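Note that chain A is present in both complexes that follow, paired respectively with chain B and with chain C.
Showing the complex of A and B:
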């Protein structure tokens, strides 16, 4: 075997090194430097993990500039400029999540298992990398599982909170159920095509048989679960509400973004044009259901985390518009959408987390009159809501605009209808995003939340995310560089 | 012994039991209210998938070993899944003193 092949997996190996260093520090550093609420312990492990990951993120950017497309291990693993870019986008998101979680990680409840949070998080990210780079279904399944199993443990992280365990039970049981359905679909694909390589399945050019459609539906259901597309979304709200907020924000942006990209790779490379008649219509129905039902359920939520859960369900529908478009432009639009979604959603979660860490309140009603007591947090939340709703000139407007344009590029009447439905839903979503803004700015009551000074790390994360919301749309270099990248093959 | 010599194994003979097993798993998962019983049903489903892979490999494309390797990895993954799920169920039991899913109703709609 040629061991130099491992050199192609630069980002995976870099991430593993970060993981191992954090793990070894946790194992061998004296206890007072890891556990307890001593300031040294709090700073030590969190700073170590965050700084190491920041270095790794920078390294990832340097790699992606110089690297060419490579396919190793008999074609099971492949890395291209596009793949490296989506990994870099995810890295930025994870870095923000890490900075946001510092304050929560310093709390008393986290005293004994501070480092485990980072270890589990890095391993899930590693699984997502494999999922994105996989060109064989075995590697894909391994990536999918190592992304979802540690996540279940992370959801159950609040050991003393009942909700956390209820959420974890719901998550793990439905996750395993969906992955069993997914693997059954794979076994049918294997039976039909005789191989598990993406390109060989595509080259088999199977006849349109009933079994193939069943197999495809199962595969879509399995990945749709991870993306929380309607009708596979029922776990989303409960898990988002029960999990610790740091884990929720990780789940809602990073896990979703990685799976959306992997889903697109599977749909385009495996089922491709040969079977596009079948899967495009399935996805068409899923997108309409996802956007509409996600929006309608979000309207009646009063818990901020639950509210953002349903909002993220409908956002997943918009991301899927990039998959159904299936051309270069909608691929670029999808990647840009994921990037913008990471910034806007993390800004919203940053505010929620800052308030929850200080007061423990997550209800929308507690946010009434927030601008009087905490004007900066209210402002950041408002920008996040505007960006999620897609109001110009914030980044969310441009990402929606590009993704609609990409879908319309296909030119069929059905696509125009789909984009019209998505547009109408954008207006519905505006209503519920503005409910939050109304509660913060217009409601006359005295605010439950007294004025407080948020931690340094939380402020840093908020500045970065708000900066991203304002700048990403206007600085067109970002979208342009993604667009030039996607002209090269996947 | 004539009967045994002429007896041809057919892939359907394995696929139908494995699908039956899968459906039993789905049925059990949907009807059982005890979390451990649900976990057992999930194991049934995963094992049915493994059988499917082995059968397809043996009968349809014996030249390559894709299916066999997939099965080996799937077994390991299923074991990991069970371990995590049981750990979570034990934790839930410690707090709720019960492993009936009917009681997991604090968060709804």
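Showing the complex of A and C:
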């Protein structure tokens, strides 16, 4: 075996090294440093993990610029500039999540398991990397599972909280069930094509048959579970609500972004190569259901975390518009959408987390009059909502605009109808995003949340995300460079 | 040329705006003023250096022709296929000229405001930091406008300029008149910009480009990013729209006229001038910067930027350039007449500004290749330059007077020449310059405009000479009424008017020196429509006639206004109607009120409002209630019960697969 092939997996190996260093520190560092109550020592592990990951992120940017497309291990694993870029985009998001979680991780309740959070998180991220780079369904499944199972442990992180347990149980049960369906679908595909390599399945040029369509539906259901596409989304709200907020924000942006990209690869490289365009119609139905039902549920939510859960369901539908467009521009638009979504959603979660850490409140009603007591938090939240709703000149407007344009570029009448439905849904989403702004700025009641000074790390994360929301809207370089990159093959 | 330096010219004011806007309230007034002024000073030096490199380093001259150079041009928004909006930095004679003008005046105003924005006891105006932040925003927008490489970038900054003008006119937002003036300015110019936008859309839809370079210039072979203005390109661009007619004009003529409409709004050409006199509600330094020297000439700049298109359109028989001439000529005369009767010192200056900008428009309008190779174009830019200097001087002088006296009404001033000697001398220099007395700068630029008019038609020449005479008359009327006559008694407890602190007088002195000598700048070598130097010299025949007219007008003003005497009263009774009409600005505001309130509101707005309230709102309400009901109906799906989640999942997957199979195999 040619071991130099491992060199193509620079990002995976880098991540493993980060993981191992954190793991070793956790093993050998004196107990008091990790578990103790000494404030300086408590920060040690968080600082280590975050700084290491920041270095790794920077490294990722350097190597993605220079590396060419490579396909190794008999074509099981492939990396291209686009793939490296999506990993980098995820890294940025993870870095923000890490900074945001510092304050929570320093709390008393976390005393015995500070490092575990980072270890589990890095392992799931590793799984996502594999999922993105996989060009063979076996590797894909390994990635999918290692991105799923540790997440259940992370969801259950608040050991002493009943909701956290419930969420974890719900998550693991539905995840296992969906994996089963996914595998069933894969076995059909294997039976039909005789291989699990993406390119070989595509080359088999399968004809339309009932079995093939059912197989595709099951594979879509399996991946759609992680993306929380309707009707595979029901776990989302409960899990988002029950999990610690840091885990929720990780689940809602990173896990979703990575899966969306992997989903796109499967659709375009495998299903898109068949004679049938059934996958497009199935996805079409899923998108309409996802955007609409996600919105309809979001309207009624009064808990911020549940509210963002349904908002993220509907956002996943918008991301899928980039998949169904299936051209260079919609690929670029999708990647840009993921990037913008990371910044906007993390800004919202950053505010929620800051408030939750201080006061324990997550209800939308307790946000009333927030702009008087905590004007900066209210402002950050408002920008996040504007960006998620797609109000110019914030980044969210442009990401929606590009993704609609990309879908329209495909040119069929059905696509115009789809974009029209998505647009109408944007109006509905505007209503509930503005509900939050209304609560913060217009509702007259006395605020339950007294003025407080949020932690340094939380403020840093908010500045970064808000800066991203504004700059990504104005500065064009990011989108343009993604667009040039996507003109080369995946 | 490196892109860093020009980029800094844009970025510095923007940073100043963000810095003063975000952190202004945490710093003292004094430091906010110093930081703002210093930032603008650095910008000014950078702009001077850039302009120096462009005009004098010789790198931008190719075979005796001054080239257009694109410093950078960055894709900003890639919309669809080749529909890309770029942001860039174009360096050519007029943009380099404007860089100098804008940064100079802006710096003077920044410096001057340090003194102006505090009262006699040294108490600062509230919102002083906000004022400086807005000034920086304006400077940024205006600089972005003049260096635009494409018409869309120009439009973006055009609107930004409008917005910052709105913010500054309404700076005293507790004063109702300032608020309504700012709204008026914004709405009127926005209305004009609607035409501009439609014009842009027609032009770019037909020609397939936003880029100025693709519309008016050809690339210079072998040198990157370098272009030469070329009438042939403009011809090609115009011919893409050939043959398409609309309401008796060719499509391209319509596009240019609509674009010019945007310019009319910004440059306060009749009948869209009504906002400018009211805009004087803003602080006086703002009037000097925005409503005299820079923003209001944006319309002239726009026409100059697209001049090859206008010129070729004229060759092809289009009327666009003639419309520019006629609008300019009418406005020049109208504003000059009104200026003769106004009482408010700033309003006189405002109408004088309208009239002078109209001069520049006329000059562009009469510019033809056969008349001294487009002398009009060069004269217009020359006048833009000199006018910016002397009009800013006059406004800042007026500001010093208002600050000293505490009123805009010049009947409250009288006889100030001894009390405020520096203001007096500098104001006199400004008046001499605008009246066109040799050797002050206005003489040279006005002479060239009149020469260009003379070459075009004798009517234009006579008409504009008459306006020039009126200009000299009303300026000296203003001068005598302020500085001569008998002094008012100083009431007890009031300060006697005196010269203002150095921050205010220094800009006056500097601008007075510039206004005196700016005429000797060899403008023909620097700024011409196609970059070829132009050596005309002074046409002494025309110069001496216009000098005589100006002196006669000044003489008349001296007789009538040097001392209090019954002559003006008698004149007024000689033409009672004309006087009343002019005093009331020919009832333009009332006319607009009548049209909007009585006609537009009743016949158009009311039906639309009905439609909006009943049809559109009704649809939206129905949509909202359906959404709400649907959301209520499906809430059971989310039961919180994990068994049911899995059921829904399974059924969903089966329906997705099975349904698709059924549809495909049963119906196809």
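Note that the second predicted complex is superposed on the first by the 487 of 490 C-alpha atoms of A that agree within 3 Å, B and C clash if a C-alpha of one lies under 4 Å from a C-alpha of the other, contacts with A are read in each partner's own complex, and residues count from 1 in each chain.
Rule of thumb we're sticking to: a residue touches a chain if its C-beta (ideal position, glycine included) is under 8 Å from a C-beta of that chain, and two chains touch if they have at least 3 such contacts.
These numbers were taken from a predicted model, which means no experiment stands behind them.
Contact with both chain B and chain C is seen for A:173 once the two complexes are overlaid on the shared chain. Applying the stated contact rule after C-alpha superposition, one finds that A:238 touches each of chain B and chain C.
By the document's definition of touching, neither partner reaches A:430: not chain B, not chain C. When the two complexes are overlaid on their common chain A, residue A:16 makes contact with neither chain B nor chain C. Looking at the shared chain after the overlay, A:293 reaches chain C, while chain B stays out of its contact range. Of the two partner chains placed by superposition, only chain C is touched by A:214; chain B is not.
Once chain A of one complex is fitted onto chain A of the other, the partner contacts of A:421 are absent, as it touches neither chain B nor chain C. Applying the stated contact rule after C-alpha superposition, one finds that A:281 touches chain C and leaves chain B untouched.
In the superposed model, A:183 makes contact with chain B only, not with chain C.
Taken together, the two complexes place residues 169-170, 173, 177, 181, 237-238 of chain A in contact with chain B and also with chain C.
Remark: chain A residues 169-170, 173-174, 177-178, 181, 208, 210, 213-218, 220-221, 225, 230-232, 234-235, 237-238, 276, 278, 281-282, 285-286, 293, 295-297, 299-300, 398, 405, 409, 427-428, 431, 476-477, 479-480, 483 touch chain C in the complex. Residues 137-138, 141-142, 145, 149, 152-153, 156, 159, 162-163, 165-170, 172-173, 176-177, 179-181, 183-184, 186-188, 190-191, 194-196, 237-238, 241-242 of chain A are the ones that touch chain B when the two sit in their complex. By the touch criterion given at the top, residues 22, 25, 29, 35, 38-39, 42, 45-46, 48-49, 52-53, 56-57, 60-61, 64, 66-67, 69-70, 73-74, 77, 80-81, 84-85, 87-89, 91-92, 95-96, 101, 104, 106-109 of chain B touch chain A in their complex. Chain C makes touch with chain A in their complex at residues 74-80, 87, 623-624, 627-628, 630-632, 634-635, 637-638, 640, 642, 644-646, 648-654, 656-661, 663-665.
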